[in-house]
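Labels for the chains are A, B, C and D, by order of writing; each one numbers its residues from 1.
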Amino acid sequence: MKEIAIVGYQQSDSRSDAGAVNEVEMIMPVLERTFAQVGINNAQDVDFVCSGSCDYMQGAAFAFVAGVDALGAVPPIKESHVEMDAAWALYESMLKIRMGHADSALIYGFGKSSPGELPIVLSQQLDPYYLAPLWVDTISLAAMQARMMLDQGLITERDMAEVVSRSRRNAMNNPHAQLSGDMSADDVLAQETYVSPLRKGDCCPVSDGASAVVIATVEKAKEWGVPYALISGISHAIETHNMGMRDITDSVSTRIAAERAGMKAGKVDVAQLYAPFSHQEIILTRALGLGDETSINPSGGVLAGNLMMASGLSNIGEVFNRIISGEAERGIAHATSGPCLQHNLVTVLEKAEKA
Amino acid sequence: MSQPEILNQAFELGYTYTRSTGPVVGRFLTGLKNRKLVGIKASDGRVIVPPMEYDPDTAEELSEFVDVGEQGEIVTFAWVKEPREAHPMNEPFAWAMIKLDGADVPMIHCVAAKSESDVTTGARVRAVWADETIGFMTDIRCFELV
Amino acid sequence: MANLAAVVGIGQTSYTTKREDVSIAGLVREAAVNALEDADLTWNDIDAVILGKAPDMFEGVIMPEVYLTDALGCNGKPMIRVHTAGSVGGSTALVAASHVQSGMFKRVLTVSFEKQSESNAMWALSNPQPFSTHLNAGAGGYFAPIIREYLRRSNAPYDAGIKVAVKDRLHGARNPLAHLQKPDITMQEVEESFMLWDPLRYLECCPSSDGACAMVIADEELAKKSPKPPAWIRGVAMRSEPTMYAGRNEVNPQAGRDCAADVYKQAGVSNPRKDFDCAEVYVPFSWYEPMWLENLGFAPEGEGWKLTMEGATSLDENGDIPWNCSGGVLSSNPIGASGMIRFAEVARQVRGDAGEHQVDGAKLALGHAYGGGAQFFAMWVVGSQKS
Amino acid sequence: MSEEEQEMITKVEAPVYLKYNFTAGSAPTRFLAQIKKGVLAGQRCPKCLAVYIPTRGSCGRCGVPTVEEVELSDKATVQSFTIVSIPIPNNPIEPPFIIANVVPDGANVSFIHLMSECVNEEVHIGQRVQAVWKPEDEWGYSMDNIRYFKPLDEPDVPIELIGKLTVTGEEG
């Protein structure tokens, strides 16, 4: 099977409000930087393009069609789209390369979530008969999950606050982060509760932005002559939509995905976990069996800026960055979808052997 | 090129949506209309309320309905200090997962309470019915502490 | 080279204006169960589910794969949701095929659906956006001017569209699943139907349907063991181009031509009219048959309408290259599923399992879908033989 | 049959309305700021030099931002059209009416707008038209400042030149 590498990654700033910039205007600068990083001109220089977005973020049907306007798709290109986080667009691109129909692919994700009331928008993901009509927002669902963990003694509020503190501090090194700063766990605990037991700091912000990744066969990566990291495994799994039927203090599907992706085959130096709420990072860390040897969310993770439909892809890019910089040799990137970690994807990245 | 001003305009995206329920969801909603709660038995015998159409573990179609009580116990909850406009309650309230008597799987609904400190995991609650029930999820106006 | 993959199970719902007896999950489930039964498989035999549908706003359920997990037996398995506008049913089938062709999966289920009646919207999703003119009169309003330009270029007789409208409804009358059942339709009836978007009459336009379509796609080894003949996937291609750019050929889009050339090359097709036994092509408005006959190389540019008028595309007239034997999009249109129905119907043909609309001895067939402003294309070629 | 079964619920009304604060993109905003002043402003692609109106932010062909503003004529050519016989939701205009794809002089792409003051059956591809504006005090950030396009008494534009005229209406 052809080895596949990631060769480029760029992200926009994560902003609470992208202002006048529309979707195509948000995507273009990110793509431009990605192309420059890889040393290619535009989407014509890759064999396949796949994007991830969701119409309901900005509130317009066919939002992804605008994305095609950023690609220079004349002559026409091989292109597809998932109404999911772009990490799944990367997954689709991997299939395309593995089947021999592409040697390289551009993947991008974008979301302008600020125009709507995101936690309420996402309530309409839920069961359309039993839950969507109640407008149960995503923060409240996560708060119930957190309380269950607190009640069962699986975590403390301080554990959660420490996740937040580390995120904000790590984000100080991330120029694209929306929330960063030298915030201690005590500072977090000093915040009043928001949707109890969650504090504002426990919740990811609402963000606008985009990110892009280029992947290619190792042969192609070498031809391009750019640093690359290997994608040694990728897998995902979804769970029942009835939260009452899941153990929401655990993430079974994350564990399944990590096993299938071969995470356990080696040491994990870095893990970028898509945890929109502080306690979910703890769930994921435990589900994956990660210990002290693993640096968790060095970018700050989505608590420092949550690009809906793109942050899962960004996580893959952030691990890539740390491998090519030499900070890490092996890492995993996680993406999630659905309420309370219903659907999870795990990618394993590794340092390439010296060519 | 001068720096563009920002042009904003509020708009509402929406449709009326008339949903056909199918027999399982329809049976539950019919129960609500009659102020009764009904669950369904999963392949492993657990009683799920509201009833799911398909078993999460075996993917089999489910059909064995079971009546459950209108009282239950809070499994976990979230306290909403500032209800959002779309929320079913205007005053501070709790979202809760509630395991009804006779059910094994908790359902999600809201719980009316004066303050967060009144609500606890394990607390007993009872369904409060809307003045008029029409066969919709909001026929349960909320749950209240017993 | 891609691993071999084949369609080993096909399931559809019947298509109708409103499926009032099922939930959204129930609708999707029905097609999926039919596909599993057709393949003589159970839920445990499925390794992943690939779901497709057009905009979530049709049902108002955001990212519905999240809610449909249990209906599709997907708990613990991979689930992916594709959305490429009107071409999505075709694109979804291609993404499903790639799961197997990549060698990463042995057997997957793919499902696409639309329960668009739920939205009660008159012209699907044409609600106004701020700062733009509110002249959106539905898809017909968008495509009618393009059709007018085709008429100008080709000098096609005014009734070529009418002929397609009749032909596809007569085909649909052979297909018990088709939404419109009009066995007695006449040219006169179509011609006298209300002119909606000149030159498109009411009966030259697709209906709006609820429905779902599903397929099981398996690798070579499992396909060989399948109880019914597999439909081997001989070529897969997709192409996209922007909605609008200076000099864009909207009548005969390059993306469609390029996509066809790509898929033909894979399948060893040099003369599509001769090499294919039939085709299912996305024709939501009658005139798109002659337009796509040209775009897909079945006829020289400007002459697609001649095939239509000669009856070459008609099963009832013993045409040499029947198009849309199932009745096509003109007979059933659950938008998100419409592309997959095309792909599934050609698989039925080469499996010899198309019932009253079977083309005798069909061995090689083209499935086609398009979407957006005729800018997204998905195609596959299936055959009764591996090569 | 029990009473309960007789009244089985089979459907529910479940409206979903979500509020958004729509923001025009920055390139669209520049177009809208001009049309508020009664000016049809196109934007030129720096690579292929095509002029777009109304711009969406990029040249679809090249995938780059359209930056340079180009003032266009309000005279235009009909690229194609349809006669619509059904009402548009949320639009008071009464059918039958003509929606035409018109290319303003100086632009290379068309946009759709209404045509009026014409005999519907006589509208044709290549026909010359001109914008009829609303009174100035009604102008806002909208293409609707143009009420409709009306026929001009000028010779038709040859097919191969549609979308290629300069801002003065000459062969580009």
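Just so it is clear, a contact is a pair of C-beta atoms (placed from the backbone, for glycine too) under 8 Å apart; a residue touches a chain by one contact, two chains touch by 3 or more.
These figures come from a predicted structure and were not determined experimentally.
Path length between chain A and chain D in the chain contact graph, taken as the least number of steps between touching chains: 1. In terms of the stated touch criterion, the partners common to chain B and chain D are A, C, listed by label.
Relative to chain C, the chain whose mean Cα position lies farthest away is B.
Looking at which of B-C and C-D shares more C-beta pairs in contact, the answer is the pair C-D.
Distance from the chain B centre to the chain C centre is 38 Å, each centre being the mean of its Cα atoms. Distance from the chain A centre to the chain B centre is 30 Å, each centre being the mean of its Cα atoms. Per-chain CA centroids place chain A at a distance of 33 Å from chain C. Among the residues of chain B, those touching two or more other chains are numbered 4-7, 9, 11, 13-21, 25, 29, 52, 56, 136.
Counting partner chains per residue, chain C shows two or more touched chains at residues 20-21, 23-24, 57, 59-60, 69-70, 75, 127-131, 242-243, 245. Among all residues of chain D, those that touch two or more other chains are 10-12, 14, 16, 18-24, 26, 28-29, 32, 59-61, 141. With chains as nodes and touching pairs as edges, the resulting graph is complete, every pair of chains being joined.
Chain C meets chain B in the complex at residues 18-26, 29, 43, 57, 59-60, 69-73, 75, 117-121, 127-131.
Listing the residues of chain A that touch chain B in their complex gives 19-20, 56, 59-60, 117, 119-120, 123, 128-131, 133-137, 139-145, 147-148, 151, 193-198, 239-240, 242-245.
Residues 12, 14, 16, 18-29, 56-65 of chain D are the ones that touch chain A when the two sit in their complex.
Residue ranges of chain C in contact with chain D, taken from their complex: 20-21, 60, 122-123, 126-137, 141, 144-146, 148-149, 152, 194-200, 242-247. Residue ranges of chain B in contact with chain D, taken from their complex: 1, 4-21, 26-27, 29-30, 33-34, 135-136.
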